[in-house]
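In the two assemblies presented below, subunit A is common to both, partnered first by subunit B and then by subunit C.
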Partner chain A sequence: MKTFSKYWSIFQITLINSLAYPGELVGRSLMIIPFMWIFYQLWKVTFSAAGADVVSGLTLRDTLWYLMLAETIELGRPPVARTMSESVKDGSIAYILNKPYDFLWYQFSTAMGETIFRAMLNAIFGGLTVWLLVGAPAHPEGFLIAIPAVLGAWALHFCINAMIGLSAFAVEDVSAFTWIYQKLAFIFGGLLIPLDFYPQWLQVIAKALPFASAIYGPARLFVTPSLELFISVMSLQLAWIIVLSLTLALVYRSGIKQLTVNGG
Partner chain B sequence: MNSIKVKNLQKTFQTKRKAAGLGGSVRSLFKPEYSSVEAVNNLSFEMEAGELLGFIGPNGAGKSTTIKMLTGILHPSGGEASVLGFTPWVDRQKLAFQIGTVFGQRPQLWYHLPAIDTFTLFGKIYELDDRETKKRIDFLAEAFEMKDLLEVPVRKLSLGQRMRCEVAASLLHRPKLILLDEPSIGLDVVAKQNIRDAIRRMNQEEGVGVLLTSHDAGDLEALCKRVIIVNHGQIVYEDKVSNLKRKFLTTKLVEVRYAEGVAKDFSIDGVEILKVGHYGVKLKFDAAKTSVESVLAHISAAGDIVDITISDPPLEEVIAKIYEQAKEYE
Partner chain C sequence: MNNIKFLLAIWKANLQSAMEYRISFLSQMIGMMANNFIYFAIWIIFFDRFKDVRGWGVNDMYVTFGILASAFGLVSLFFGNAFMLSDIISKGRLDYYLSMPKPVLLHTISSRMIASGMGDFAYGFVSYALSGYFTWDGLARYVLAMLLAATVFAAFLILTQSLAFWFGTMSNFSNLVLNAMLTFGIYPITLFDNYAKIILFTIIPAALMGSVPAEFIRAFTWQSLSQLLIGAIGFLGLATIVFRAGLRRYESGSAIQIEV
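What follows is the complex of A and B.
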């Protein structure tokens, strides 16, 4: 119980800390408004060029709400890899490592603390914009059903990003890896185009990768919720979380021995 | 009982070397060259429970690396260490419940939040119950004179105020040992004094052992009973601070002012005359070679003394001398 309350407190203090500069928090979240407007313009043209109201099972309205949630997941998640790499570079990792908690659980708790308000604001601004452009979501209850999958998505993002962050123990600067990860998530996660619009062979590849569970799965569940889809999204996501978190724990155990703490 | 026992501790870092300019950068991409740096080299020492031990040395001497190994943050390249019965890099989390750390150059308080928030968080992290945490915060607030500071966002505190909170935070869980890495860096005289007083009080009242690294010989003089001086990752001197003073503070500086004029050729055997003025002289001698008594006899024979000051050179000079000796020895 004390262990749980430890990480809960770390989560809470990060949550409070994220409100230190509310103006910056709101300003950053406003970025989702132009993004959604651009998506609306692009997909409106695409749907009219296709001459159909439904493409691959999605309407224009579904597509926009899908993209809103996909963007909320992506824009809400904190730069875990960069934060970890910075703490190795500037030596502040010394303070993170000298307290009686598990390093990875500490990082996860702070990551989630940083995520919540940012994601909520993104969802509010993005949701209002999409509502004005294409109307209410076809299945508003999908939002509640998608929440566990969104939380799972962040856990999955965390596992991958923490692994990238841990590589800082050896290489210090990880910006190249985060760039590659981000682009892979764009393409295989369905951040710009729902995976349903991909050619069949590419869909098969993309859906087999963890990126789909981190973006596409929860966003698709939101626009077309069903028990069947919920079970399939959550079970695939859970499988990936188990595999990647175990790998992460192994990488951490070997990485910590390589650590060089900078500074006096 | 020992709280720290270190035997042949070793830490070697691999550092990438690169020739200057673009050519050097390109070459190092294809054929990187590494050199080994012995940050800590065969270090052995012990520290008693409740002791105030100074661990000093110039930049790059291996002080911080040693502290990081003793807290379990870094794995050593060789050797053994036991801190409060734990091997730090094996039992890092268990050890963390028993020790406190302050790295003067790296804040541990949450910068945008009032210090009380960090204190409360630390209470949870160290698994104290809420009532105990509150009681302890009240006690530390009084000991470190920080009652009025606790609810101010840390970023608004002065460096001295912040350091008081930092050191207090490291004592929240009643550690048996605190490792202070440059706690007085950048502080003014008053702030340094406040920190030293509070540390001394905690040592006396709670028996907490203090391992202190510092550039400031004043910290050492004010706080530590024993000192270890390191250079290039090795111990170059280890003794009580009082012995350090007795052995190395043998040089005396004397300033005398006479009622009448002083002879221009004022001299005493075995004494270096630094300055002869109209009414005063300034001289220096080694008390181990020339007796204080004989020097004073000569001074008083030279005329009616109005004023006399005898002083020791600052401890910093002594430490610099020890580094110099170590360098010559190499």
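What follows is the complex of A and C.
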């Protein structure tokens, strides 16, 4: 319990810190508005061209609210990989390693602290934009049901991004890996197009990968909430979190053996 | 002529500096190309399902995405500091450039090369080659359209980032408008109504970086060429005027700067 309270305090400090520059926080979150507007333009034309109110089980309104939550998850998460790789490259990792806390849990606590308000503001601005464009979500209760899946999504993102960040132990620059991971998450996570609109064979592959648990699962749960979907999304997500967190722990242990800090 | 010699010298120095870290340069270039290919797969999936967006198909998207990537890459490679101009202004780092006997704006924006820009630049040509619209005269138009689109993009960056002379740190606003420019640039122009089109030709001139150059590459028309020329000259002129006006307000910082 004492161990947990240590990381809870780190989380709280980062959370309060993230409010230190409200202008910065709001400024970043405004980015979701043009994104949602252009999605509306694209999907309005697409639904109209398809001549159907419902495409693969989603209406235009569902699609827009799905994209809002997907963007909120994506835009809300902090650049963990970049932060970790910078601390490896500039040696500042040494200041964290000699403190009485676990490096990975420390990074996770700070990442979650940075995420909460950022995501909340994205959800507010994105939600208001979508509400004005297509009206209220069909299932407002879906938002509360999707919250555990959204938290799980950030845990999954953290595991993958931390592994990318730690690859700085072995390579000079991790930016190429972060770009590629981001785009894989765009495609296999259904960030720009819901996976339901994909060809059947690609849907099967995408839905089995962790990217879908990190974006598609929570967003779909929000627009079409049901007990079956909740159990399915949460169980797959939990399985991926266990697998990836264990892998991350192994990567960290092998990486830390290679670390050489020069100077101080 | 002197300015061209100066630019060539500075680009050579930038390239030599980037080549000091060859593996990093190559990984960023290849990584960015892979990144663009994966990103474009989304449009392939979209058009596989929905075929057409008001007359635009996947082949049109190859050209639009390609020209936008090449223009973006060109600016990143040759005028990399244009992306950081507001930061340079607000932190008083213009002092260094003001003390040199060279044009301040040109010197500032050309002093940095973003290695990943090479990946964007090269990807654009590959995307055009895959579009099904490739012809040799089309390639000549591609190069011309890329230069004009890059001019519009660089001018837009200078214009928006120069607002830092009046409002101080503008990194959020700069990121917002940059993202808006790139996002709107890769979507088919046919999606937008007339009011939105006015915005995309003026306030956020994304149409002059994506759909208009793409139209010009597919088939020569005087209309698209004149739109590009007027846009490039107009935005560059405006950006220069705003930067100069801002420079009169610039107050030097007292921090000691070292430019490497």
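The rule we apply is simple: the second predicted complex is superposed on the first by the 260 of 264 C-alpha atoms of A that agree within 3 Å, B and C clash if a C-alpha of one lies under 4 Å from a C-alpha of the other, contacts with A are read in each partner's own complex, and residues count from 1 in each chain.
The rule is simple: a contact is a pair of C-beta atoms (placed from the backbone, for glycine too) under 8 Å apart; a residue touches a chain by one contact, two chains touch by 3 or more.
Quick caveat, the model's predicted, so the values are computed rather than measured.
With both structures placed on the common chain, the touch criterion links A:I193 to subunit C but leaves subunit B unconnected.
By the touch criterion stated above, A:V45 is placed in contact with subunit C alone, subunit B being left untouched. Contact with subunit B, but none with subunit C, is seen for A:K99 once the two complexes are overlaid on the shared chain. Look at A:L144: by the touch rule set out above, it reaches neither subunit B nor subunit C.
Judged by the touch definition given at the top, the superposed model places A:V243 against neither subunit B nor subunit C. Applying the stated contact rule after C-alpha superposition, one finds that A:V54 touches neither subunit B nor subunit C. With both structures placed on the common chain, the touch criterion links A:I16 to subunit B but leaves subunit C unconnected. When the shared chain is aligned, no partner comes close enough to touch A:V204: not subunit B, not subunit C. Residues of subunit B that touch subunit A in their complex: 13, 59, 64, 68, 71-75, 92-94, 96-97, 99, 101, 103, 105-106, 108, 110, 112-113, 117-118, 120-122, 124-127, 181-182. Chain contact summary for the complex, subunit A toward subunit B: residues 2, 5-6, 9-10, 13, 16-17, 20-21, 91-95, 97-102, 256-257, 259-261, 263-264.
By the touch rule above, subunit C contacts subunit A in their complex via residues 21, 23-24, 27-28, 30-32, 34-35, 38-39, 41-42, 45-46, 48-50, 52-54, 116, 172-173, 175-176, 179-180, 183-184, 187, 190-192, 196.
Residues 23-24, 27-28, 30-31, 34-35, 38, 41-42, 45-46, 49-50, 171-173, 175-177, 179-180, 182-184, 186-187, 192-193, 197-199, 202 of subunit A touch subunit C in their complex.
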